[in-house]
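Note sheet for the following structure.
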Amino acid sequence: MGPFEPKDPLFRARVMASFNRQEVMRTLGVEVASIEPGEIVLRMPYAAAYTQQHGFIHAGIVATALDSACGYAAFSLMPKEAAVLTVEFKLNLLAPARGEEFVFKGWVLKPGRTITVCEGHALASIGNEEKLVATMVGTLMAVFDRPGISG
Amino acid sequence: MGPFEPKDPLFRARVMASFNRQEVMRTLGVEVASIEPGEIVLRMPYAAAYTQQHGFIHAGIVATALDSACGYAAFSLMPKEAAVLTVEFKLNLLAPARGEEFVFKGWVLKPGRTITVCEGHALASIGNEEKLVATMVGTLMAVFDRPGISG
Amino acid sequence: MGPFEPKDPLFRARVMASFNRQEVMRTLGVEVASIEPGEIVLRMPYAAAYTQQHGFIHAGIVATALDSACGYAAFSLMPKEAAVLTVEFKLNLLAPARGEEFVFKGWVLKPGRTITVCEGHALASIGNEEKLVATMVGTLMAVFDRPGISG
Amino acid sequence: MGPFEPKDPLFRARVMASFNRQEVMRTLGVEVASIEPGEIVLRMPYAAAYTQQHGFIHAGIVATALDSACGYAAFSLMPKEAAVLTVEFKLNLLAPARGEEFVFKGWVLKPGRTITVCEGHALASIGNEEKLVATMVGTLMAVFDRPGISG
């Protein structure tokens, strides 16, 4: 529903700095593929360490990467003093997360001073084929001056 | 809302066998604390490797453990031929997942032949204090005779 | 999860005044059964006018009453200057909404200065039997000084 | 994510027949604007009788029309013996439902033999302007041979 005008022209650096502080992204091998105002794309390789009982990537790991994609999509449009927190998200699983690599797209549907609503898609790729495996809708919140919460 | 009569008297062994096949549980250090018909409790220690930018456990990792707790709560009431798949879940974050240890309770609200609805609570403990940090509502599905999907 | 201390000792009058301004409640015949701090109970009779194709009350009408129950549960704990808006809700349907009368309970799970998380149950009664037919989880927001939004 | 191939070539008549049995649609003045395979558009005029305390259409009434749009989008792709039930839905409110007329679009994201996932948008129009006011994600289920449930 963009394009959106970022409030902070240095939003890319701000998103990258915060993303790099998410230890879990490094642990899972998630990398930033692109950062646009209100739209983030992440990539993650398959790793057996994060699978469920049928050998697919666990739904919660898909949620982890999608929540970061949605969170940083929201964060990219926030003023530079804001920190971002997830209020809630919903994940729908459309197909098993079976693939060699996964792409996670998060985008802002409706930005707001306090509340931003985002959507996300998780895609699994095997060879040249890409398949939509999960969708997210999430509510993100801008917080200011909260102890222990920044960026 | 319980107590529920399990269809398979050997549900504990069936839940444990499937849980042990979830590589992600081993990776995250999640352990089974208790298995009752329609109610599962899991525990996980804090690990910096799974934190977000403020040093709390990432919401998606909380979702991972809660989804497994809900999934196995549903699975515990299913007949022994069934496999369980998550259709969707919603996570509400009530407080930062800050703690030394985390407890994840998942329970069946409404069992069904095909669809089971579960709820879950994530609790963070520091010393003797325990705090509710997230809630889940999830829809689980029993599947039968689907290639590549068992247990 | 309660009991909660209301910020405004006159919360009951404030809830009733706002509820009475919801034309849809009058139209549907929804009445307030009880108002406690952080917990509201509403009642609604069956009416064929609000049914879906199988003759049950439509899920959206169940959502209407549950959203009001959740919204006023949140509102009851807000300061007297606040207005309440629903950010989002999720409804799970556990059984057909078949009954002579319906009871809707909404309660606060986690109050907050800006964001309040509530849960709700819809119960259908036939004779002396009461059945849980739907559950809601909702996120409510306190807004202040917004044009056109009060109470 | 369509276009989709309907299993029943007479899907339009089947959708209309079921829609016409939803008393609540007649009561609210909701009409069918279009029926395509996996995509339904409904329209509803403003009516003060269905407003909340600020004079906007109540979120639950928006949910009622969107749930029908999503349900019939799913139903349009089901075989002719199936009945459709809503398992769950989530509604995000992006702006107050203020308008002279409302349009509700529901479409299938992922059809399935048992479970279909749909999305929906509610648009409010004033004069020539149209605004997205709410989004839905819903899980619908095909049921067969269940007593009291058909169409």
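We just call them A, B, C and D in the order they show up, numbering each chain from 1.
Everything that follows uses one rule, which is that a contact is a pair of C-beta atoms (placed from the backbone, for glycine too) under 8 Å apart; a residue touches a chain by one contact, two chains touch by 3 or more.
Just so it is clear, the model here is predicted, and its values are computed rather than measured.
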Copy pair chain B, chain C: interface residue numbering same or different (half cut): same
Interface with more contacting C-beta pairs, comparing B-D to A-B: A-B
Centre-of-Cα separation between chain C and chain B, whole angstrom: 29
Approximate Å spacing (C-alpha centroids) for the pair chain B, chain D: 32
Chain A-chain B separation of Cα centroids, rounded to whole Å: 22
Where chain C touches two or more other chains, by residue: 87-88, 90, 92, 117, 139
Residue numbers on chain C that touch chain A, as the complex places them: 87-88, 90, 114-115, 117, 139, 141
In the complex with chain D, residue positions of chain C that touch it: 18-19, 21-24, 27, 48-55, 58-61, 63-68, 83, 85-93, 96, 148-151
Footprint of chain C on chain B - complex, ascending: 1, 90, 92, 94-95, 109-110, 117, 132, 135, 137, 139
